[in-house]
Amino acid sequence: MDGLKVCVIGAGSTYTPELIEGFIVRKKEMPVSHIALMDIDPGKLNIVGSLAKRMVEKAGINAKVELTTDRKKAVEGADFVLSQIRVGGLPARIRDEHIPLDFGVIGQETTGPGGFAKALRTIPVMLEIARDIEKFAPNAWWINFTNPSGIISETLLKHSRTNIIGLCNVPVGMTKSLATKLECQPQDLFLTYVGLNHLSWITKVCMKGDDVTKQAVKLSLKGRAKEDAEWMKINGIIPNGYLHYYYARDKVLEDQKKAEKSRGEIVTEVEAKLLAKYQNPNLRRKPKELEKRGGAHYSTAAVSLASAIYNNKRELHIVNTRNNGTIPCLPADCSIETNCVIDGRGAHPMTIGDVPLEIRGLLQAVKTYEELAVAAGVSGSKKLAFQALMAHPLVPSSTVAKGLLDAILDANKDYLPQFRLKR
Amino acid sequence: MDGLKVCVIGAGSTYTPELIEGFIVRKKEMPVSHIALMDIDPGKLNIVGSLAKRMVEKAGINAKVELTTDRKKAVEGADFVLSQIRVGGLPARIRDEHIPLDFGVIGQETTGPGGFAKALRTIPVMLEIARDIEKFAPNAWWINFTNPSGIISETLLKHSRTNIIGLCNVPVGMTKSLATKLECQPQDLFLTYVGLNHLSWITKVCMKGDDVTKQAVKLSLKGRAKEDAEWMKINGIIPNGYLHYYYARDKVLEDQKKAEKSRGEIVTEVEAKLLAKYQNPNLRRKPKELEKRGGAHYSTAAVSLASAIYNNKRELHIVNTRNNGTIPCLPADCSIETNCVIDGRGAHPMTIGDVPLEIRGLLQAVKTYEELAVAAGVSGSKKLAFQALMAHPLVPSSTVAKGLLDAILDANKDYLPQFRLKR
Amino acid sequence: MDGLKVCVIGAGSTYTPELIEGFIVRKKEMPVSHIALMDIDPGKLNIVGSLAKRMVEKAGINAKVELTTDRKKAVEGADFVLSQIRVGGLPARIRDEHIPLDFGVIGQETTGPGGFAKALRTIPVMLEIARDIEKFAPNAWWINFTNPSGIISETLLKHSRTNIIGLCNVPVGMTKSLATKLECQPQDLFLTYVGLNHLSWITKVCMKGDDVTKQAVKLSLKGRAKEDAEWMKINGIIPNGYLHYYYARDKVLEDQKKAEKSRGEIVTEVEAKLLAKYQNPNLRRKPKELEKRGGAHYSTAAVSLASAIYNNKRELHIVNTRNNGTIPCLPADCSIETNCVIDGRGAHPMTIGDVPLEIRGLLQAVKTYEELAVAAGVSGSKKLAFQALMAHPLVPSSTVAKGLLDAILDANKDYLPQFRLKR
Amino acid sequence: MDGLKVCVIGAGSTYTPELIEGFIVRKKEMPVSHIALMDIDPGKLNIVGSLAKRMVEKAGINAKVELTTDRKKAVEGADFVLSQIRVGGLPARIRDEHIPLDFGVIGQETTGPGGFAKALRTIPVMLEIARDIEKFAPNAWWINFTNPSGIISETLLKHSRTNIIGLCNVPVGMTKSLATKLECQPQDLFLTYVGLNHLSWITKVCMKGDDVTKQAVKLSLKGRAKEDAEWMKINGIIPNGYLHYYYARDKVLEDQKKAEKSRGEIVTEVEAKLLAKYQNPNLRRKPKELEKRGGAHYSTAAVSLASAIYNNKRELHIVNTRNNGTIPCLPADCSIETNCVIDGRGAHPMTIGDVPLEIRGLLQAVKTYEELAVAAGVSGSKKLAFQALMAHPLVPSSTVAKGLLDAILDANKDYLPQFRLKR
């Protein structure tokens, strides 16, 4: 068979129809002949996978859709591997959101101690996947959107020999949103995009070569929290929405303490409804409700990235990759989220140089945390894990760091083989 | 006259007898023939200066002690200028300690928004002094211990052509304390001392060439707050006492909220008693009570530094000077507090190289704040001032940063000509 | 008038028909309405300019072609300025080739002391042009192919506020040649292109994403001098042809000593014949003989670059621009010749990172020479000029450097106002 | 036994009496009780060792002097290891001086292809010594003056876990010579000493804190070759004498071609006479003729360095050690020759920062060569060996590099096990 093999790890996710739709839309430029959908949960895989089969069939694509719980088999010979796993599922996410709150710290899926716990759970599984890809699909392009995407990218860049590219839907979302506001096409815009996954800033916006930053900042104020809007007005820079956790630390904490449900609890309900919907045998397209789930643009981001590689397009995409001097005030071997030329050889960052002082300190502080989180997640060292938490700007004391670490290790003990081994 | 001229700016400070004692003790190696004591407050200058005269006379030193409120005259032809000013006096310090608390932020003289306010008040005066030294004593060695010492050093390194060396008594104090604990002489110890003024770490302790770090950390635990002790035990590093404000942010804030008096209020009382004591015409030596004031070792630090320069000693001293690649993860032109060889040419830092990850993030974040603080203090830009506060790890949101900035600018408006000019 | 104004400085050059042809070929994507051809030599300008007029007319383009010796007028309001001057003309070039030989050093137009002399003559004129552009066309894109292109680029990047991009036809030539050898289209290739103008290496060749470096090196051996071929076989890297002057220093010197005519003398003859041909009123296209002149691909390089900017194309072009961390072992503010994304905002280099050791030393040595050459050319300092020559790897001793410098300053005294002013 | 054990590797060298005298002079500060003299040549060892015994006896030092050909035994338990080997002896040196001349390249013991051949022969033996020290004297301080000292230092810094410090007598000699010229004591001088072993520059001279550079340069002109003097006058910098090979490449080559004897041949005669002299049983002190041999100050350099370590002196010595950011334009892990504070923990470089442009290019080029030479010497890769020679500024073409490499590998085949293994 001559077409491409695409493998999706964690295919039981309700996001999968997004991806399938992406491949359907781009069927002319991406001749996919084999889609291997893999998950460790056969029940969810069956529900989501059956919908995927119906969608592919309806689209008239001559591709085999295979459902499997055997990861090696799924990976073998793949041209593209897409990974979107959630170790411990939504119950673990809900714990990640609650535990920090018990210590007076913001609880969030990817930022702060919650993201750290998620990283510790996820790293061992990602390293296992890496071993499979190195063995069974050594030339595959691996597009990961498992969170925390920056930490996972850095782990795999440092500890695997795979062609890993880290992806997030935020940059695509920010670009599309700006295009709408500026009444142009996304490809008319060039964003000077600086930073890390979920810790990035757009310091300049050019439309067909003209600097429209002021206008872009002004148009972006609407709908932003007042703390972020204030920051934007003074600095003339558009921050990633996740920076709200830093620019309004006090406010977010107050709100979270008062909230009835965490985001994870809400998502659990959304998921249940979606899965029920997916089981309708007449459903043959991505349901509209999926958009509420939060993964908008993942399809666009992932499939257009794969196509840019496959077709040697030399398009610009914002992805997570090795710094390599792009931002000289960060280590050369760390991961950053940055504008890259994408071609058949992968992602090639464009030089950035000195970053503005008003973002440098937080950028360097969080990257230090991330490097320690990678080291802790790979090694299972409690010392490194403490250092990572302590290095995080949201953690207010060593007492809290210590308490949080014990609580995180205890609550996640079923998912932390690297730490078990050290006991 | 052949001897040295020493000029003290801010000589009305109750610390001055410390300095005078220092010159008396080292009279054989430092032939001082002229001590110019300058202050803008003639009352305090007269009290403190008269004691100084009695001390010098009693010591049998043939040196002229001159009291003056004319800074140019005091500086003219000086071989060493020592500066220890407090712009706004203790009332301003007390405001610095209180204003942040109103916004739920730690209030401290040198760390956080309090130190920032102090920097804004102090920078314009230090630049004026710099202009005088450039003109009237261009070859003088300028030893500054006015706080925030790191920010002031960076200001003068970047914005003057003087031979500035920044000094703090903490490194001398830490060294003496370790020597006592390890039962050796201070000069037997070599400390790998990394960081900034009031943000430093001793990552290694060597005694006559032997690595005694473990023992030193263990002996240093006693008397430290439990948050700091916890951190020290895990990391095997001895932090500067001021790191308590970072390692126990939550606890310090709670304590400060409950405290009856701020440190500035206590010091005000100590000062009043000291000044009363100084007026006793029979007092001819440094009174013991001065030690409570908090400036222990300033005399040792300052006068032994001056002597190392004058006598081309090639001694090691820990001072604030230009980074110049000592710590490669910080800008080359910023100030750091570091081990230097001191000789007739001044301070020459010893290479440090990569710093441990567990301290890097905070180090880089605070240095970013300091660079912005210098820029704000020199320019009087409200934008830069907001950026500085926002970059500080203790400030929890842009709303707080904005509120704090307005409060600081308002409370200090009599001392901020650089901002007035911009209105 | 709505179309673009293009200004050519040094339009009396025989290369000009190349450029005109380029604009004719791309008339649909570049709506040029005004071509200002400027030269200080009215005779040559008239010959070349008349041919240009006939070419434009024949192509049916509705554009005004203006011939002028008034540079300010030519520049005013231009959208694109192209500069291709030769200060001192071919006689100066011939001197540049001969003087070094008198001192036992390779004589070459752009490499070594010959290129240095050319830089000294050219820098003052380029700075004058810069002043005009800053004043009369501040938003213009300035594409320079005046040699030595790297040194001129660095001069203008450091000492002007213009949108300067340095261009050379070698990268386009190498790419086209490789495409022919590999039987693909130039745009199918991605070259990892590292270095400076006339001092560059292709360390990797990818064809539609596949690494074809070995094959490309092998195919490139044919036609190369044996010294270069030897080097290529061992290192697996394709060097710029100008590296022959370094890889075969001894051989080139012997050959030059024996040569009857220098390249400049040959070119003088070619030029005369070309100009004679241009005067034929029936000639309405670029004559074939122009290809012998050595400027093949200049048209492609320059006009396609202008079009990429005008049309915000995001194409990759290899140009001379500010390093900005692309090659971390070189200063951030120096010029390099490197792969850039070209869009409406100009040239944006792609990160390179560590360069192979086998090229690093020479790269750093020649860049040091170039920085000194820029400083000498701008300042007119004899000390800096000596340092520049002494820093050049082809200069074998301080005696030779001194002798060369005197000879160069003397022979070019009519063209070195910056040095005259210092006498 | 309580005293120190000192081990000398290569003790059959005629330099050994220098070292013995050094330990005699410093007997009060260095309580040596055991001197192990090791050499692979029992004949020379016996002659030199017997003299050493007589010298120690005459000095009334209660130390065991042991002669041995068993390196492990000699090293075992040593506090200080001093190494001064010459692999292949003087015959190999003479070849190193002659082979390059055959290819029109300067032939020199440590600079250029001659030094490269010496490095290839020496590296395998030094790595064997390193293995012994790691096993039998892991805490020993290893002071090496085997040439090429910079390359050997870098090899051992990168490929051993020993406390290696590289030493050369040139810095001590330059300091003493300057002190004589400036009529002061060596310790009154502070030299800003920048560069590599045999490739260094004194860019500033301070006497008791006063900048006396101009005077020092002027006084240093006398006795220097005219090419070097010219360079010095223009640049105001004092170069290491070995820079003559770069500043007068053409002249040196001419002179060498005409010379009747190479330096190695002259030294062979000096050595024979010295050894004859040493055999006189009445000789009990270092003979004056030793000074002609060229190793003046080695004793001072080596024994005062050992004493600074043993006595935790915090003295400044210029040694070869890890760069670690001292010179930011060179890699952090390379060796440099630089001013260090010497104490019980070893050598701690003082920050240098940016180096003057007029020395930067050559410095970077030669360091690139050195890194390749280390890699070639350790790996036995012919490709790396070619790259090293090709990177050397004195090698004029790839043809010459290839010819030289073949000649060097052939002439030294008995001493290059690392290359033999690859055949």
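Which chain is which? They are A, B, C and D, in the order written, and residues in each are numbered from 1.
In this text, a residue touches a chain if its C-beta (ideal position, glycine included) is under 8 Å from a C-beta of that chain, and two chains touch if they have at least 3 such contacts.
None of the values given here were measured: they were computed from a predicted structure.
The chains in contact with chain A and with chain B alike: there are none.
The chains touching chain B as well as chain D do not exist; no chain touches both. Taking each chain's centre as the mean of its CA atoms, A is the chain most distant from chain D.
Centroids of chain B and chain C (each the mean of its C-alpha atoms) stand 55 Å apart.
With centres taken as mean Cα positions, chain D sits 45 Å from chain C. Shared interface positions of chain A, i.e. residues touching 2 or more other chains, are not present. Of all possible chain pairings, those that touch are A-B, A-C, B-D, C-D. Those residues of chain B that touch chain D in the shared complex are 188, 190, 206, 208-211, 309, 312, 314-316, 324-326, 328, 332, 341, 343-345, 348-354. In the complex of the two chains, the chain C residues touching chain D come out as 104, 226-228, 230-231, 234-235, 247-251, 329, 357-358, 360-362, 364-369, 371-372, 375, 383, 386-387, 390-391, 393, 396-400, 402.
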